[in-house]
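My structure is below; once you've seen it, I'll send some questions.
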Amino acid sequence: MEKEKLIEGVYTPEEARHLLYIMILTRAFEENAEEMYALGKVHGTMHLSIGQEAIPVGASSAITRDDYLLNTHRGHGHFLAWGGDLKHMMAEFLGKETGYCRGRGGSMHIADVDSNNLGANGVVAGNLPISVGVGLSIKIRKTKQVALTLFGDGAANEGAFHEALNMASIWNLPIIYLCENNQYAMSTPFDYAFKIEEISSRAGSYGIKGVTVDGNDVFAVNKAVRDAANRARKGNGPTLIEAITYRWRGHSKSDRQAYRTREEVKEWMKKDPIPRFAAKIGVTDKEMEKIKQQVKQDIQAAVEYAENSPEPDLSTILEGVYA
Amino acid sequence: MRELTYREALYEALDQSMKEDERVFLIGEDIGVYGGAFGVSADLQKKYGRDRVIDSPISEAGIAGACVGSAITGMRPVGEIMFSDFVVLCMEQLVLQAAKIRFMFGGKAKVPMVLRLPGGSGTGAAAQHSGSYENWFVHVPGLKVVMPSTPYDAKGLLLAAIADDNPVMFFENKLLYKTKGPVPEEMYTLPIGKSNVVREGKDVTIVATSVEVIRSLEAADKLAEEGIEAEVIDPRTLNPLDMEPITKSIIKTGKALVVHEAAKTGGFGGEVVARIIESEAFAYLDAPVRRLAGLDMPIPYNRNLEYHAAPQVENIVEETRKLVQGVY
Amino acid sequence: MRELTYREALYEALDQSMKEDERVFLIGEDIGVYGGAFGVSADLQKKYGRDRVIDSPISEAGIAGACVGSAITGMRPVGEIMFSDFVVLCMEQLVLQAAKIRFMFGGKAKVPMVLRLPGGSGTGAAAQHSGSYENWFVHVPGLKVVMPSTPYDAKGLLLAAIADDNPVMFFENKLLYKTKGPVPEEMYTLPIGKSNVVREGKDVTIVATSVEVIRSLEAADKLAEEGIEAEVIDPRTLNPLDMEPITKSIIKTGKALVVHEAAKTGGFGGEVVARIIESEAFAYLDAPVRRLAGLDMPIPYNRNLEYHAAPQVENIVEETRKLVQGVY
Amino acid sequence: MEKEKLIEGVYTPEEARHLLYIMILTRAFEENAEEMYALGKVHGTMHLSIGQEAIPVGASSAITRDDYLLNTHRGHGHFLAWGGDLKHMMAEFLGKETGYCRGRGGSMHIADVDSNNLGANGVVAGNLPISVGVGLSIKIRKTKQVALTLFGDGAANEGAFHEALNMASIWNLPIIYLCENNQYAMSTPFDYAFKIEEISSRAGSYGIKGVTVDGNDVFAVNKAVRDAANRARKGNGPTLIEAITYRWRGHSKSDRQAYRTREEVKEWMKKDPIPRFAAKIGVTDKEMEKIKQQVKQDIQAAVEYAENSPEPDLSTILEGVYA
């Protein structure tokens, strides 16, 4: 279609509304998750991405579903943006047999390999070495896919980050390394764990392109990922993108947040990516309300579906250990 | 005596050894302001400063290396790996360096370090945060492996581990942190290499580790109601392993069950069974030694499946009953 | 039948599977022009190109990740870790990823990868290049562990491992690379999960792995001269472990010795002993099952000390004799 | 003493001659080692540093013996430059009880902790995480020591490199990271395993100083290490030094060297660091001959000592496993 019809030259109005819907859905999903956790309906822990909703939609909308997604422990938004089904996602969250992982994986390991969603990962930087294999696989099979690989600021200090980016570089692998720098690794501030201004500058160690973008701006993230995807598909190798954002909630459910001030959080909450994107794509408050209503219904339906879904049968406990 | 939780007992051991010995320092992820993922180091950074309670970037190999390098140069580091699962990221430093340096260097160096490793399932943390890998380290000569089951043992063994001149892998259990028990206020050490008979009984011997000691004691009470008196033994230190109380017990009971949470295949239970068979107790066995251990599978997220992946009280009761009744 | 060395047999398995299946590729350090530290991949890079025989930087975690990621996306990678000791650097990818991905993802993914691991002592490479850590992986549900002792087994088991849809840890032995034996030219697979009775005998059962199988056979010949007929069984695959031929043998002999090179404590021998005790063979034992294994120590550089750190033929002869004569 | 008395403002004539002696001794030791290996007197493998002799003397002469040395598998030169005793070193090489490690360690693990020589390491990059601990120990004990940490070009692609340098940086640890870039990691060329011109540029990822020097020039190496030591002692943290050099021999005894040409080796042999240093410090051919004679005698004496030394007694086999 013609460029002028596209918002910022990127999205059709429908597309843009859908992305906004996903952002709102992500936040609602996580707010609902908090409630369910408080009510003891879910056990374990969970990692909320509230405040970081721009990155998933910006990134996923820059590549196709023939590409691959390698996600993190804080990946609800990416899962939904990739096209994950809310009902089966909710069911996984509640550990039900109808969940994406038959209730075996939970929030931290939710995956849908059939749709090239290679899963969240509970190990910090755990998906980085795996990305090398995905990249090699694409290169050997000569499909023009790319592998969108997410990780956090904290993950960039794991040895795995170093090995993976160097390998991806020397073999020109079609990988998009997208670092969600939300300023903290659990309680560890970015400026404590790094003596550099930008994580993207580490691209220099591997002779690849590095760029830092506003992670709360859907369009900025989208552009960076699109550029990286183009390079990758042309055989020009990986890119390291750093998206600056902020985690509104605690790291996980057991976080007293003694390591930061309320003011700091408040300041960042002013940079809420949702209204910002809504404004940019010209969505009125009335439309916004409609979307929120829709989201509310969808969440409710998903919760009902999940709660009415069966638990895994004990007799199947050993299924899936071996092929 | 004053009661403390397992977590508080560990905290006190760290606090007292840091107060007493300036060579002791802590390093790990989020152990400072955050106080550690399980709160063990609590306010120690406030007390001893950032130079002695060091928040690490997420670099497990670096944490282990920080322990090895400081230990061989005169310090007494206590490292924390947030979840014992992530010990997979520092195996090189532990297995090829810490465990072997002294021997490779002709006995002329020592590596007095402790690595604290919170492990085990039951918290809904799923497959990558619920592992039990202690037997790997039992299989690494040069390392010692400690696994306390009570607050009293936790404090005494952690102080002993810090005082030990060898690298010690110190396996804690997440479900035990909140359990309470009597703990002396003063510093005291428990011997590394002494098994502990936690319950006496004449009918059957149960050898259990960590959280399974607690479950075995509960099972033993239930079994007592059926007239079965189980003797429960906690090795407390897996390597060196003190077999003497175990063989003595089996000579008395003629029956033994080994219980641990880690997967059965390739686990510590095999070592215990083999040692029993190699001991004089073999001649007194009137039933095969049995193992009751975790299922051979990753830990599932689903609460019910997770529950059934590790030996629970009712499983121990049933297995022990079968053993005593001679049905297997 | 045509004879090949263990090394040549492995080479042929790699060559034939690469020719037959374009999803198969190799990755490891210096496996291209150099042909691998032990020459196993020889000229395969010349044959199949740099895209299918990939020289890796010294990044073991990356090598393992390259296998995991390509396997879940349809390839059949065969990785090489130059010395099995350095598997310590990729434990995270093997234990937390490769072994668990399928289960964590609800059985909806598969990880068909093989990691080749040359191990063992006897080459004067000292403590960091001579380890035997196979039992770690036996203790990791989701992984399979294969350990061939002959050229014939090496080819058949490597082809089976590559065809298997699960991650397989393939432990080779450095001292065996030059050993010769009959090997069919065509592609063939040996079942993963079938123990092999390599020598029949009525007096005692010897269960041995890798290089210790060869030593046990030599010992058996010497014992035969004394009138002791040992049955020697090679499990070949440590997990899954096929106990049936072992129990059957013990029911016949009433005596069993388990032999491996890895350190005794926490090793595979314990698993075998425990399985025997749990089996019907227990009732037929007229002597305790014994373990003969590596000393609990790092491998020394000194040639003589190194020799004595692992079970040698004479040790197997002596232990077996003692067992048969009932002196222990 | 006054500067003008010093060669290049650095070494007294005696000092310079001693360093030259160490360079020649190192080469002779390794040539002798090759012979003994050929004669089957040593087993296992060994890694020769012939052609790289400038780095050890340049580096060790830039710091004191109160400092620490963390060495590599290719570390005979560093061991001697640090002050290692030839007899006990030779004895270790032959696996004798009188060796530095009582014959338990051999060439790849030779160490002398009593003299702050923390040992060679058979694991590529194995000493890098350890250096962090040594640095912390120095910092906590407030002794003004530095830790000279050696590693090769290949080691710079291990995850351990990344974790160690970042930790050393954020904690300002007094560590001198000296990378001996001899162009190959076994058969792997530098320009295959890296997509960057200089390994020292990776210092940028950690916000520390990085410098590349001519590794065949004793004075260049010495200056770089002195500068780094000054920074470290002032509490300004670690430095990454890359010393460019070349390995004349194969990687180890089993290397056919199919990965490089004879010509390339010949070219580099013209850059022999020994005559170069001799000329720079004004040592005549006659003096050179004297030194070589001395070296010959010393090697002979050491071999005799080692060969007449007892083997470890089998009854002591388990000694040293535990303290």
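By written order: A, B, C and D. Residues from 1 in each chain.
Definition applied: a contact is a pair of C-beta atoms (placed from the backbone, for glycine too) under 8 Å apart; a residue touches a chain by one contact, two chains touch by 3 or more.
As the structure is a prediction and not an experimental result, all values here were calculated from the model.
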Between A-B and A-C, flag the pair that has more C-beta pairs in contact.
-> A-C
Of all chains, the one whose CA centroid lies most distant from that of chain D is A
Chain B and chain C, separation of their C-alpha mean positions in angstrom | 30
Return the distance between the CA-based centres of chain A and chain B, expressed in whole Å.
-> 37
Measuring from the mean C-alpha position of chain A to the mean C-alpha position of chain D, what distance in angstrom results?
-> 46
In whole angstrom, what separates the CA-based centres of chain A and chain C?
-> 41
Flagged in chain B as touching 2+ other chains are 57, 59, 61, 86, 89, 92, 96, 103-104, 126-128, 141-142, 295-298, 300
Which residues of chain D are in contact with two or more other chains?
-> 101, 103-105, 109, 121-123, 126, 157-160, 163, 166, 170, 192-193, 321
Name, in rising order, each residue of chain D that touches chain A in their complex.
-> 157-163, 166, 169-170, 192-196, 201-202, 204-208
Can you list the residues on chain B that touch chain C in the complex?
-> 85-86, 88-89, 91-92, 94-96, 99-100, 103-104, 126-128, 131, 133, 135-142, 239, 241, 262-263, 265-274, 277-278, 282, 288-291, 295-298, 300
Contacting residues of chain D [partner chain C, same complex] = 42-45, 95-96, 101, 103-106, 108-109, 121-126, 154-155, 157-159, 185-188, 192-193, 254-256, 258-259, 311-312, 314, 317-318, 321
Of all residues in chain C, those that touch chain D in their complex = 29-30, 32-34, 37, 55, 57-61, 85-86, 89, 123-129, 295-298, 300-305, 308-309
In the complex with chain B, residue positions of chain D that touch it | 68, 99-105, 109, 111-114, 118-119, 121-123, 126, 128-141, 159-160, 163-164, 166-167, 170-171, 319-323
